[in-house]
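Letters A, B, C and D mark the chains in the order given here, with residues in each chain numbered from 1 onward.
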Amino acid sequence: MYIYPHIYRKLKRVPQVVLPKDIGTIVAYTCLSKDSIVVDAGTGSGWLALSLARLCKHVYSYDIREDFIEVAKKNKEILGIDNIDFKHGDVRKKIDEKNVDLVTLDFPGSEKALKNVKKVLKEGGYVVGYLPHMEQVKAFVAKLEALGFEEPYVVETIVRDFLVRKEGMRPTNKGIWHTAYLAFARKPHS
Amino acid sequence: MYIYPHIYRKLKRVPQVVLPKDIGTIVAYTCLSKDSIVVDAGTGSGWLALSLARLCKHVYSYDIREDFIEVAKKNKEILGIDNIDFKHGDVRKKIDEKNVDLVTLDFPGSEKALKNVKKVLKEGGYVVGYLPHMEQVKAFVAKLEALGFEEPYVVETIVRDFLVRKEGMRPTNKGIWHTAYLAFARKPHS
Amino acid sequence: MYIYPHIYRKLKRVPQVVLPKDIGTIVAYTCLSKDSIVVDAGTGSGWLALSLARLCKHVYSYDIREDFIEVAKKNKEILGIDNIDFKHGDVRKKIDEKNVDLVTLDFPGSEKALKNVKKVLKEGGYVVGYLPHMEQVKAFVAKLEALGFEEPYVVETIVRDFLVRKEGMRPTNKGIWHTAYLAFARKPHS
Amino acid sequence: MYIYPHIYRKLKRVPQVVLPKDIGTIVAYTCLSKDSIVVDAGTGSGWLALSLARLCKHVYSYDIREDFIEVAKKNKEILGIDNIDFKHGDVRKKIDEKNVDLVTLDFPGSEKALKNVKKVLKEGGYVVGYLPHMEQVKAFVAKLEALGFEEPYVVETIVRDFLVRKEGMRPTNKGIWHTAYLAFARKPHS
């Protein structure tokens, strides 16, 4: 049975949330650090944005839906953190920040934001697409390549949990074996 | 083909390193934050300890082998970080720190350190065992339960990578499908 | 969503059945053929025994529970096959057949039958243990080695299913990721 | 380390062979039996066709490359079986057989054969596409649906092998985690 790490148990959620298994891979594969500035879109329930904010310097999280932002703001309060700004806006049209270390994208058609993403990323900075479907992966990677991003890398994370008893160690019988593919790439150094 | 995130490509390594896939799960499943104090043992090449140090407040990393500590110190220099202390010592005998948020254990027989780990953890703090073999998982979990740790949870992380081309999207044919099981637990609130 | 191949949809079942994913691996990894004579224990609902009987020459399936044999006999009728005999008996005590090509074992403590299994197998014949827990795998393999079986090989089969739509190809979100480990070995040629 | 079941160790191979893990799933998910008539294309090294012939009544295996058929004929001799005919021909153009229980397709563009496949299948008979790439799966399933096949079902089979020792049970570190997707469907009953 999937067990949420403790901070997630108290958070509110709209239907789709990014699970800790994917948050972990995003953190590790983008070399996130305490000094990182992150832009995130779409906010959704804010689970990814808030998780990153707990680890990095500042997160700017965009969503086009104000009702989602309200949920995420509640979650921010629950976690008691302040290094995150929720912004009502469309990153396909405009991203206000500059010199960003990481941009995380989780919305349908997110490849349409990649041109703006490239502008605001630092050299060597990372973009990640959270992409449930294979067709989205193809479209995202094609756009990454067209825009000259480097080191495109696509993965899928499966975290299996185990029953450990005096007699009877085994994986659980059923589990979550797909949420989304993660497509990573970096802005080249000039 | 497994591709290391960029910071790892420049690091030195002794035979066994903790891979980013497991580092990610450790970070996410222990709710690590910028404020966390971490104790780590054994250091090995320092990949796990250094990765955590890049995200948290301070890491104290113990090893009984001074030659490993030398490698890890080189890696610290390469990464240019200073919030980590490498200590020559045996956590089964003594851990100097107090009020620790997370203890990560990666050495054979690590369950023998759990008594000390419980003393130094904050209430609600996490311990993680990095355990290549199933017998180690059983011994570790049995000791966790004997010592009254809470929420024991054992997982295995598989990160599959994909080829994405104009025609021919598919997972790579071969890959790393086991490094270690991760056993998590928390110190109870009194 | 897991979909049973059509013959299984009409079969009756007692709580535990061997799934087609494991039946397939058993068939392929033991080089079963139309000429094979198979001994099976315990029968359970008969899914494994009946599936093998549809492919091989004859199956003798033992169970110590007569109520299970009744269910399996109903399933035999439903499938309309006759090259299978259900036998009330304990293979740990006695196996009547000789020159057997394959013995499949699916009951707790099945390693206790391995001595008898070795006697009735042809040289080069296969034994398979269907073993839900890791401790069972260890006990089974230890006994295989003590008795001089050759080529011990332990696997786990995961069959993931996919949604394929005009837009939106992806693995299903949840699925069966563990039923049992399969431990194979062969009787040596003298 | 992947170990081939014994019959495969003596067989010749051209670069791509269908592995036992996929052969097992094909057998189990198509409800193959001793009475089944199978059409297979392309032959390749004949591993799939020969494995099915060892279990079913007769296999007709087509390839457009005569050099592949020569390899498969050698493998037929090695296995000493006679219920298989290798045919030089293109199933996209013509399939000679009628009332077939199963058609297995393993060549690029195999969806182009589905119209002929539907003609030669029995009602309720199965077709399987062995499809390395996701784009092939989409094209294959789209054609299945356009032609009115029923119960389309797409899976991927992963067989992980384990080290089992006195101390140190664990999955092997590396393994084959992708060969091909398998797309199944049935000809409807009229």
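The rule we apply is simple: contacts are C-beta pairs under 8 Å (C-beta built on N, C-alpha and C of every residue); 3 or more make two chains touch, one makes a residue touch a chain.
Computed from a prediction, not measured in an experiment: that's the story for all the values here.
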**Complete:** Hopping only between chains that touch, the fewest steps from subunit B to subunit D number 1
**Prompt:** Computing the C-alpha centre of each chain, which chain sits at the greatest distance from subunit B?
**Reply:** D
**Fill in**
In whole angstrom, the CA-centroid distance of subunit A from subunit B equals 22
**subunit A and subunit D: spacing of chain centres that average the CA atoms, whole Å** = 39
**Message:** Counting only residues that touch at least two other chains, what does the list for subunit B look like?
**Reply:** 134, 160, 169, 171
**Footprint of subunit D on subunit B - complex, ascending** = 132-135, 160, 167-179
**Message:** List the residues on subunit C that touch subunit D in their complex, please.
**Reply:** 3, 5-7, 20-21, 23-34, 51, 54-56, 124, 134, 137-138, 141-142, 151-162, 164, 166, 169, 171, 181, 183, 186
